[in-house]
Amino acid sequence: MTAVADAPPVPDRGRRMLESVGRARELGIVAAIVIVFVVTTVKNSAFAHGDSVQQLLAGASLIALLGAGEALVIISRNVDLSVGSVLGLSAYLVGTLFEHHHGVPIALAFVVGIGVGAACGLVNGILTAVLRVPSLVVTLAALYVIRGITALIVSGHQIDPGSIPGSFQNIGNAAVANVPWLAILVTVIVVGINYAMRTFRPARDLYAIGSNPEAAALAGVPTGRRICVAFMISGALAGLGGVLFISEFATVNSTAGSGYELLVVAAVVVGGVAIFGGSGTVLGAALGALLLNTISQALVAARISAFWNQAITGALLLAAIAFDRFVSLRVNRALRKQGGASHG
Amino acid sequence: MTPTEPAARPAAGPPAGPPMVEMRQVTKSFGAARALADGTIALSAGEAHALLGENGAGKSTLVKILAGVYQPDGGTVLIDGEPVVFAGPAASQAAGISIIYQEPTLFPDLTVAENIFLGRQPLASGRRIDHRRMYRDAAAVFARLGVTIDPRRPARGLSVADQQIVEIAKAISFNARLFVMDEPTAALTSVEVERLFEVVRTLRGQGAAVLFISHRLEEAFTICQRVTVMRDGRFVRTDPIEALTVDAIIRSMVGRDLSGLYPHTGSPVGEPVLQVDRIGRIGVFSDISFTVHAGEIVALAGLVGAGRSEVARAIFGIDKRDTGTVTVRGKRLPPGRPQVAMAAGIGFVPEDRRQQGLVMDLGVDHNVALASLHRLSRFGLIRRSSEGRLAADWGRRLQLKYDRLRNPVWTLSGGNQQKVVLGKWLSREPSLLIIDEPTRGIDVGTKAEVHRLLDELVQSGVAVLMISSELPEVLGMADRILVLHEGRLVRELSRAQADEGSVMRAATGQTEGAVA
Amino acid sequence: MIASTGRRRRIAVACGALAVSLLAACSNDDTPSGSTPSGASNSGGGVKSGLTVYFIPKDVNNPYEVIADEGGKTALQELGGKVVVNSGTEDTAAAQIPAIQAAIQAHADAIVIAGNDPSALCPALGQATAAGIKVVSFDSDVTCPNHLFINQADTETIGRSQVQLLAKEINNTGEIAILSAAATATNQNAWIKYMKEELTKFPNMKLVDTVYGNDDPAVSLTVLQGLLTAHPNLKGIISPTTVGISTAAQYLSQHKDIAAKVTLTGLGLPSQMKKYVLDGTVKAFALWNPNNLGYLAGHAAANLASGTFDGSAGSKFKAGKLGEYTVLPAAGDTGPSVVLGPPTTFDKSNVEQFNF
Amino acid sequence: MADTQVPVTQTEAAATTTGEPARWARGGLGWRLLLRWEAVLVVLLIASILYGRSVSTHFLSGSNLFFTGLNVGEIAIMALPLTFIVITGEIDLSVASMLGLASTLLGVLYKHGWSIWAAMAAVLVVGALGGALNGVLITRLGLPSIAVTIGTLTLFRGIAEIILKSDSVTGFPIGWTNIGILPIHGTHIAYSVGVFLLLAVVFGIVLHGTPLGRSIYAIGLQAEAAFFAGIRVQRIKFWLYVLSGVICALAGILWTFRFATARYNAGTGLELNVVALVLLGGVSIFGGRGSILGVVLAACVLGSLQEAMTLVNVAPQVQNIVVGALLLVSVAVPNAPELIARVRRRLASSRLPRRGTTEGVSVDINP
């Protein structure tokens, strides 16, 4: 039970324990990344080389970016399976923009990409929050529809790299001091959202909704609007992902981003965001993406056949979920102890 | 926005001047049922005021009107002498009234402080949440309540007691002046109750009013200055606590002729059906032993949270028991296996009809059949005909009022829902029926029917183990009464020995000689 | 391993096909009468007009294939027939099956298909053959019997020439790797086989790894990066697939330091590679004209359907502007095939002259 | 004893009631709604048939019927166990990967000289094991099924990839591979469709006729009440996943023979089609509602629609859009009455008010 005023400061110990557990998720992932990194480096020193580190970061950036948005949605007890398709659509539209109008300002490209994404997200959000269609279904349908629309527009065309301005390509490729701009940009965004998720009331509402939807509604939280916004942000980030995609590859075909959805969800879950909402951090999700990417790259670097990639990812995913469950059970027990009263 | 101190007033008893909150002849009906016939009460700053009465006396309706959940049909509500009408909960909250429910609904994943300030978190520049200040404020509130809950810990895993404290803290942060506590101690251990009382005293000391609803009379004597008793939706009396005795209160609570209302008059007692031997569940109850014979009704009495339902569930196998044995007609039951218990002839009518008793979306027929699916099947197929017959048959025997058997049960009234649950189990012709709160939330008419039904059952040689929070029901129906107090069997009373006083005293732990 | 089982397969499908035709014969509503006469009659005569040829690319969004299909359309226009392009959205065998069935339903005269899987399409194609439809495969071959393979260029030449191309640039020494498309792509694997043979002639060149980018830019990039990490002193990369080489080129063009060490060549579309050739990232790469490939396939199909030649080794047919072609005898896994011609090598001098 | 994991303590019980409004709302219309949706499906089916007929005389006649069936067979088969699972309120996204793993194993074992029968038996066993893995993780460890099966989706496919790499196995016995080119003798029905119809009858009887079926509905509607009525909630769920594994393995076998080829990437991405099919069949993602008939009808609609569109050479991109739109409609349409029902529900419940009744936005992905 909670100590009466003059009782020994049980909570302090408990709190420290709790906070550490709170961070444990992120720390755990960081640790995992480090371990994978070190082990691989031992097998192949080149893995620690500047270039490959640069590749690690760049390679994880897109998924991390999408993961950040997905995290918001999942925290609110929903899911967004359409991110991959949205990325594809935005990427291609931006590509054609450059192809058809030479010398359009790069800023416009970002506006277009993000705008398209946000629009898709808004539709998802409305269908979910207003029409009350389960987000799993809504975004599954959106996955089909948006992909179909993209393919329809593309129909076998491929953006000519020549038409993508070099300055724009630098965003996706150049680096400062071995840190790719891509990674810097994504890191800034992730850290920013992570901060916002701790710091602003609407963001906290998302946690409340995911934690206990009815109580949230009772407490006067505008659940519908919040969820819509979450989907919009997820969409917008996917759209931004599209912009970065084309700036990196300078060319797009209709398959861009297909299959990302499960990859992103996997990263988010590995990153410690509870699949049923209420807890988890954007930072964790991003780290999850980095971990997955580090592993797949390590496999190649360690000259393990790429054929092992999937199996290992899958096993890791299961391990992560189980580990989460284990931790949360432990924490709950600890919290009960700290809270004291046995409740039958 | 720091919680500001309510205007400090002398923490006296009944004061001069208009009461802080007053209700006069407030009435409320639901369809035909009149839930509140005369809601009258006056609450003054700095007092803790007990509202006592049996279940169905109208307490919770009165509370919900105060909370703005219901709008009264008649009568007036006054605050500081001014008549008011609460459009909704928000209005009542704005007026400084806040309700602390038995099980608060918190956000398990948010910190305690955020649970208190959700949507109202103190802001720094740029609409940023000022976490330091939020935690400081929360800590300050707790300090004022004289408790230390870590504001930074998540609400997940808080004991019910602590959850209530958090709710109270939330209320204070809303500048509440009247704290309505609906059975707050029901699920608390004595230590926690003590701490809650500390909090109540503090609140009084700071000039707030506390409306304290409880079945535990002695608690009223411990912390309340005045007592208002209600019965059958009507105001009975308001007196300073000094002017009252337990018996006096119980009399005015029960205050009606019990005989006649309850048909059961005892019946020939047969073979032992259920033998419970020193069963226990760690932290919930321990060392419970008793026997139920064919043709008798045994009641488990005690306060909410004394462990009555938990014992029943452990017997049926919903919860695993840690120690002891349960035997039904000589057959040992393994712990945690409801299927075996059912096979052995136990039927279990659970406390929570909506969550546990019925599948609300299924039809009457499917719900009645749910526990008998296999005996309704031939060659592994459910025979629709016999299923329908079973439901129709029991519908008739229980005088069930339904439109179509296929209609989902949530379309039925509480009483009829309860009949469906009974039908589900009786259709299995159990040799022992465990029935938890047989008539909770049921209109008086159906109540009587259920009681008659139970009587018929025991007459036909079925053994019944009944749990009820309603003293009159316990006294009226039971052949023997086993009184639990904080997870222990403290007293066994025969129908002859039992009266309100003896049961209440045992249930509230004022034991004069526990059972051997 | 495919070879070993190949024989049995053929018998299998043959019987299956026979059974189908019997069934077809006894069920009145789907006898392939629509096409039989055109197949049987005017043997030796010119190409029939009004032929319908189904082009079934790997998927409807594959840029390379889209160009090839255009070529096919031109061919059939010349011959007074029409082309229907039909396939799935992702390049799997399962996605191509409905298209084949549609062709059968429409009593098409011929199918021109780029197989997503060498063997998995055979049951369906067997049905097509049984329904009297001539089957021509191009770009990526299938292992089924009774079909003609239009080879973009002699498989062996492609494989060997790319190694030679690279060898010239890295003067015959250093570690090299291959960035391929799907691990299951027949054409890729066939070429890689010959690359390995050719490499035996270059003792100082060592093939250290073969990675698969599934013709997806993102995947290709990831495996490429892994490759560079795993083999720090990699000298050269051969990417015999248009998506792979363009992705690699894009990456190198953005990382001059790496480009300085690593030489890239392979098979790519001039339109895609122009930029990188001009900025010096890539010195030279090879390809044939996919448009011509489709054009040739179209003519072959039309001629087969008209019975002007039977597709057996040694038989000849006229392919419009491309002139006359002779069917080569089966060799190894490849059945009777026609070769478009030697691949063109593109470099600064000529890359801008091509519009595909 | 897994059963005791059903939440029964106050706090957990509270947790289980999340998203309840939707469930309650659905309640009133349980059967009627279901019938109504199946009616919608019948209309859709007729419409797509008329459309098909109008565009091609061959539509759904003779060999075309055979082709149509061939293309939906395996998907439809995998949809059957998934229907059960979704009705209990869970989900299984690993179905297609199990198909791929089965195909791979069948190939490898056959290549290593196993008799085809032995190989198939082994594959089915592996299917059961894979399902059991899902089941244990979900019912014993209490992990969310969507997360678990996303994990096994990757894992199973990965294992298949390790086993067969880029190889493929061909040369299965003609008698078997002929199912890819020959209908059941004397009919125009593909073998996979035959198997599907057979299973559909069995599954239909089980779901709508037997205690097990009734229990499955009860679990999906209100697991706690089901448990209090003596239904072994966790155990049933576990065996459903095992069943799903076996059936998907069976689908894998059929797939392998149909293509006369075993490859690790067999059926990649089909899971979404299967889920779409189940939802299109009117099975509620929240559990508790749905019927085998609906799923069968949905399979027919999907099959004939796609066939018709392919016949007239509608771009496959457009076909995807149609499928997606259809999917949305299939859930949105039943939801419209739910909004009304939600109101009716509150009126009904106001007679007996209960704390915490609120229209919480039904925001669980919790299927």
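So that you can tell them apart, the chains are marked A, B, C and D in the order they are listed, and the count of residues begins at 1 in each.
In this text, a residue touches a chain if its C-beta (ideal position, glycine included) is under 8 Å from a C-beta of that chain, and two chains touch if they have at least 3 such contacts.
All figures in this text were calculated on a predicted structure; none of them were measured in a lab.
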Shared interface partners, meaning chains that touch chain B and chain C: A, D
Innermost chain by mean C-alpha position: D
Between A-D and A-B, the pair joined by more C-beta contacts: A-D
Averaged-CA centre spacing for the pair chain D and chain B, given as whole angstrom: 43
Between chain A and chain D, centroid-to-centroid distance (C-alpha), Å: 28
Whole-Å gap separating chain A and chain C, where each centre is the average of the chain's CA atoms: 38
Residues of chain C touching at least two other chains: 60, 89-90, 212
Numbers and ranges of chain D residues touching at least 2 other chains: 10-11, 165, 269, 315-317, 320, 356
Where chain A touches two or more other chains at once, by residue number: 147-148, 151, 155, 210, 212, 214, 216, 218, 343-344
Listing of all chain pairs that touch each other, if any do: A-B, A-C, A-D, B-D, C-D
Touch list for chain A against partner chain C, complex: 44, 46-47, 49, 51-52, 55, 58-59, 62, 147-148, 151, 154-158, 160-162, 169-170, 172-174, 245, 248-258, 293, 296-297, 299-303, 306
Chain A residues within the chain B interface of the complex: 1-5, 7, 9, 11-12, 14-15, 18-19, 198-201, 204-205, 207-208, 210-212, 214-216, 218-221, 274, 278-279, 331-336, 338-344
Contact footprint of chain D on chain B as seen in their complex: 30-31, 64, 69-70, 101, 103, 105, 160, 187, 313, 318-320, 336-339, 342, 348, 350, 352, 354-363, 366, 369-371, 373-374, 376-377, 380-382, 406, 408, 410-411, 413-414, 424, 441
Interface residues, chain D side, partner chain A - complex: 9-11, 18-19, 21-22, 91, 137, 141-144, 146-148, 150-159, 161-162, 165, 269, 272, 275-276, 279, 285-286, 315-321, 323-325, 327-328, 331-332, 335, 338-339, 356, 358-367
Chain A contact footprint on chain C (complex, rising order): 60-63, 65-66, 89-90, 209, 211-212, 215-218, 221-223, 225-232, 243, 246-247, 250-251, 254-255, 257-258, 271-272, 274-276
